[in-house]
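Structures are listed in the sections that come next.
Next come two complexes, and both contain subunit A; in the first it sits with subunit B, in the second with subunit C.
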Partner chain A sequence: MNELIPLIVIIPIIAALLLNLFAGKNKIIKAIAFIVGIGMPILTLITGYGLHYFGGHQPLASSNIAGLPSYITNSTLYNLHPAITYSYTPLAKVFIFALGIVVFLSLLTYLNSENKSSGPFLFMVFMGTASVSALILSDDLFNMYVFFEIAALIQTGIIIASSAKDNYETALKYMILSSIGGPILLLGITILLAICGSVNITDISLAVSTLVQTPISRGVLLFAFSLIFFGWLYASGLPPFHVIKSSVYSKAEPYGACILQAMSLISLIAFVIVIFRIFGDFDLFKGAMILISIIAMVLGVSMAVVQTDFRRMIAYLSVGELGFVGLGFGLGGKFAITAGLFQGVNEMLVTTLLFIGLGSVVYLTNTSDTRKLGGLIGKNTMMAIMILLGGFAMAGVPPFNGFRSKLMIVEAALTSGYPELAVIIVLISIATFIVFVKSFYTIFLKPQPNDLKFVKESIPKSMIFAVAVLLIICLILGLYPGIVTNPISQCIGGLL
Partner chain B sequence: MILLDMQLLTLFTAGALIIIGIFAAIYIDNIIKKIIGLSFIEEGVNLFIISLGFNKGGVVPILMPGMNTNWFVTNSAYPLPQALVLTSIVIGASTFAIMLAIVMVLYKKYGSLSTREILKHKSDMGDEQ
Partner chain C sequence: MSFYDDFLNYFKDKFSKNQITNENVSGSIAAELIIISSTLITALLLRHISIVLTAVVILVLLVLILSNLPISIKLFQEQDDSIEKMLFYAVVSLGVIVSIFYWGGL
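Then we have the complex of A and B:
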């Protein structure tokens, strides 16, 4: 079933093109979006693990070149394998499946809550899905850069497609940063190409393990590391890019914000794995990763406290949660990295739950300003309770998935000899809990302001369904974390 | 020797373009000039990549009939950077097209291309910065 691997990228691209072709035909657009949305998670489940050489052939060993023309066998040309290498592993499966769930539920919410579907918005959703799926599948650094740039353009498009105030200003700011972050990342990749002669990640990892012995090469590698690390910070929205990333999430519609955060998270995971594979043995890697993770966690929570817009509050909390993922890699070792990646999956699901759940408040009142809200628990009690439980999952309250992953990271910090990090993690989790409960009180429990006007009478059933499904998944992963940790751990074992 | 110096000169030019571009993107007030600065960064990186493929006294990387393959492998220019640059140029063109389209919308909205003017206008309207 390896032949299905490229379809994970190709099908969303074809769907995006079809949506453009049928622009204006509402029913056809909705049908295509729904079918592809539900089909993508299924495709990830039935696809077999392995490598796929897209547009080329697999590398030839000197033992199986018999029968080829002499001008190839007599030179080193047989070493060339001009193909995009897609590597489908259990880890890729977990993340692409989680992305599929997020995309499907976001689309369901969008299609149900909007009377007329926007072809361009759906086009961008599917192109974004294809680009981040390719990002995590690819074993080629330049190919990753290309899909990373496509993802950046798509993210800008999703902001422009929203009706939020100042969306164009935010989109331009994001594009300007993208035009600095992208070329710097490319420069780092080029330096690796210059000293290793390849852009294939496996080849580079092997070359770096030898090159690192020479002081000059080590210096050049450190320079390449710093450039790629900078590009990674931009791609994932970690400090100093947390402000623009949070702004981007808050300017998109709630269903768009879910997809944006999932795209950022997968970009983070895809690049951090590559950085770990190439530079994992560098002392600087560990130090930089731990430092940036702590800054992200502290800044995320402290900036979430002062927000009066709950979309910005979730955005900052989600940036803070990314710090836990980085911390797993910074601590190193199979258990810590598995914990970090498990936290990544949890964060993607929980943030989607909160964006859709609190998106229902925007749907009813057309505002996300907590100062203008209050007493909404009476409007839909079930939704309010599910949002509260989602907040608990994010803060790491048992028995939800967030508790399991954060507990694993605390254990990893203690066993790695960093008890102070364990203390910071616990404090950040408590702070997240307080921030969320405070916002929940302001939106749902405090007396309803007299001037609060409702633009819609009830919440669409699709929103309730999406939030309920995500909450059930969070609970299942909290009770049976092995569903995610076993395949991730299996893959990480192979990387160490 | 002259050719080798040419490669060094290209690398220095690439570095200068990147630094000038970063400076322009950060300090220049006019949005169009900022975007031109960003294109300097992009072109600097492209020039850097192209210069990597340089091979002193090398040949075009096309294997012709009758050519000694081992000689070709040693003497041809490295073709990968050229392929990378081509893709990078296409990405850059798309990025700048979108940026300029956004600038057109902002100009219609604020009547100015100055970031200071736009921020001032926004603060006068009581918006967040």
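Then we have the complex of A and C:
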């Protein structure tokens, strides 16, 4: 047992409650948010790997109790997990640390760019952080669902907290679509509970490997698989939920959008690992993953290229990039899954860079319509160049992290005997590059329109700092990908 | 008339009320090419199941693509923020996924 593991979830929850309590006191909530924001990544680094059990004991098989009768040691009860298990693995460490960085830099931007901090908004940020951290830590499917629903409500709250036009309408639409996706996911989980008798993922995986050989059980399992797969599409914002997800990102404030996309990405990772562990041996798994990933990538990038609102453009690109993660799982094998997960980390960091970087344009002009913008390179050349480099990182231009992960996925596709997928990946990367060159030209290089008005004179230093830090991380991960791929690969080796 | 002119006229016809720039048109053409090439390359994956099926599917896709040009604008219009369309596609996807997974996996 590692006592620090639950603190990864508990500390942000306590911070959220305190921030709500001191909602009117600007200085206090700024201090709490800053301390907890910087403390979270540190906590993930000092916490040791291991398991933590809530509300019950560890499995009898792990307890080493001598003298148990054979009718217990030979039964399934012996290996059953009676407690809610939190598993802190190198994989969880990488993603929660990356989330911590994203949350901290987003908070820094928020605290510096807004004169008065909102307690309820910060409450939602920390509750969201706790929820998605629990999602990736938990080995209990129902516990995951509960935290996922909290995360979904938090996402709605973050949109409502925004000052963007039509944000209430988007939040309502997201809630309506949640009323389809959420219950369908829960129904799938319930069927698994009914047929396996446990909500622990390790127990379910073991039970499914036996039950799948019975024709009747196989039908029920396939039905549960289809429902959970659909729920996963909703959780991650893959098609057919890509439109609402991109709308959600574009209606949030830039610092809120960073947190929203990080939450969606971790939801995607957490649930795809569960689906892989339970249903990974099903024939349909690989085909379904590859197909939905291709649809996401093509729709994401083709919708991004026609956008005139750059926030929507990044939102669509972000959704499209999720397809690369799914593709890693679809291809299967240690190398491909590691590549997919590495792409997930990269996407989280690069999208944050772009949301904050291009958020500075909204900060200066109060618009994200590319038709109304132009000539902004003169306002802050350094920021413009960093945004362009961030775009290159997303498109997969060397020496950035996006290049490394996409190259790994191309290699995995070629070695798996799917050269078509390698061609599609290259094609999508070229299209992403086109999107950035086009938008960079329209926002920064095109002659400035006469009617363009500036609401602020300069960009806050916190924004420049956040973008610079993220760009440096992207460069480091591009030059030394082993920092992320080694722990992920180590963990994936245990899953296969 | 060239494909570009056809495309431009269609674009003006559909979006005449909005401000249209060269970037909009070039973006839509780029999207068109991405969609067409990706769809055809994805269809090639069917060769792992049957080469005859791949040939048939590609021919059908070619006919469908050529008879529905420009696809990107139609796709763009289908994927707006309308809740009716979002719900429609969500429910259709649920039906397709459950059907394929259930009967395809038995």
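The definition used in the following text is that the second predicted complex is superposed on the first by the 473 of 496 C-alpha atoms of A that agree within 3 Å, B and C clash if a C-alpha of one lies under 4 Å from a C-alpha of the other, contacts with A are read in each partner's own complex, and residues count from 1 in each chain.
The rule is short, and it goes like this: contacts are C-beta pairs under 8 Å (C-beta built on N, C-alpha and C of every residue); 3 or more make two chains touch, one makes a residue touch a chain.
As the structure is a computational prediction, the values presented were derived from the model and not from experiment.
Peer 1: Considering only touches as defined above, state whether A:160 meets subunit B (first), subunit C (second), both or neither.
Peer 2: After superposition on chain A, A:160 lies in contact with subunit B alone.
Peer 1: Name the chain, either subunit B or subunit C, that contacts more residues of subunit A.
Peer 2: Counting contacted residues of subunit A, the larger count belongs to C.
Peer 1: Check the residue A:180 against both partner chains and state whether it touches subunit B (first), subunit C (second), both, or neither.
Peer 2: both
Peer 1: Looking at the overlay, does A:149 come into contact with subunit B only (first), subunit C only (second), both, or neither?
Peer 2: Once the two structures are laid over each other on A, A:149 reaches subunit B alone.
Peer 1: Taking the superposition as given, does A:48 touch the first partner, subunit B, the second, subunit C, both, or neither?
Peer 2: In the superposition, A:48 contacts neither subunit B nor subunit C.
Peer 1: Pick one for A:482: touches subunit B only (first), subunit C only (second), both, or neither.
Peer 2: Touch partners of A:482: none, neither subunit B nor subunit C.
Peer 1: Of the two partner chains, subunit B (first) and subunit C (second), which one does A:194 touch, if any: first, second, both, or neither?
Peer 2: first
Peer 1: Touching subunit B in one complex and subunit C in the other: list those residues of subunit A.
Peer 2: 176, 180
Peer 1: For subunit B, which residues are in contact with subunit A within the complex?
Peer 2: Counting only subunit B, the residues touching subunit A are 18, 22, 25, 31, 34-35, 38, 41-42, 44-45, 48-49, 52, 63, 69-70, 72-73, 80-81, 84, 87-88, 91, 94-96, 98-99, 102-103, 105-106, 109, 118, 122, 127.
Peer 1: Quick one: in the complex, what on subunit C touches subunit A?
Peer 2: 19, 21, 23-24, 26-28, 30-31, 34-35, 37-39, 41-42, 44-45, 48, 72, 75-76, 79-81, 83, 85-87, 89-94, 97-98, 100-102, 104-106
Peer 1: For the complex, which residues does subunit A have touching subunit B?
Peer 2: Spelled out, the residues of subunit A in touch with subunit B are 71-72, 74-77, 142, 146, 149-150, 152-153, 156-157, 160, 165-166, 168-169, 171-172, 175-176, 178-180, 182-183, 186-187, 190, 193-194, 199.
Peer 1: Please name which positions on subunit A make contact with subunit C in the complex.
Peer 2: 170, 173, 176-177, 180-181, 184, 215, 218-219, 222-223, 225-227, 229-230, 233-234, 239-244, 247, 282-284, 288, 290-291, 294, 297-299, 301-303, 305-308, 370-371, 417-418, 420-421, 423-424, 427-428, 431, 434, 438, 441-442
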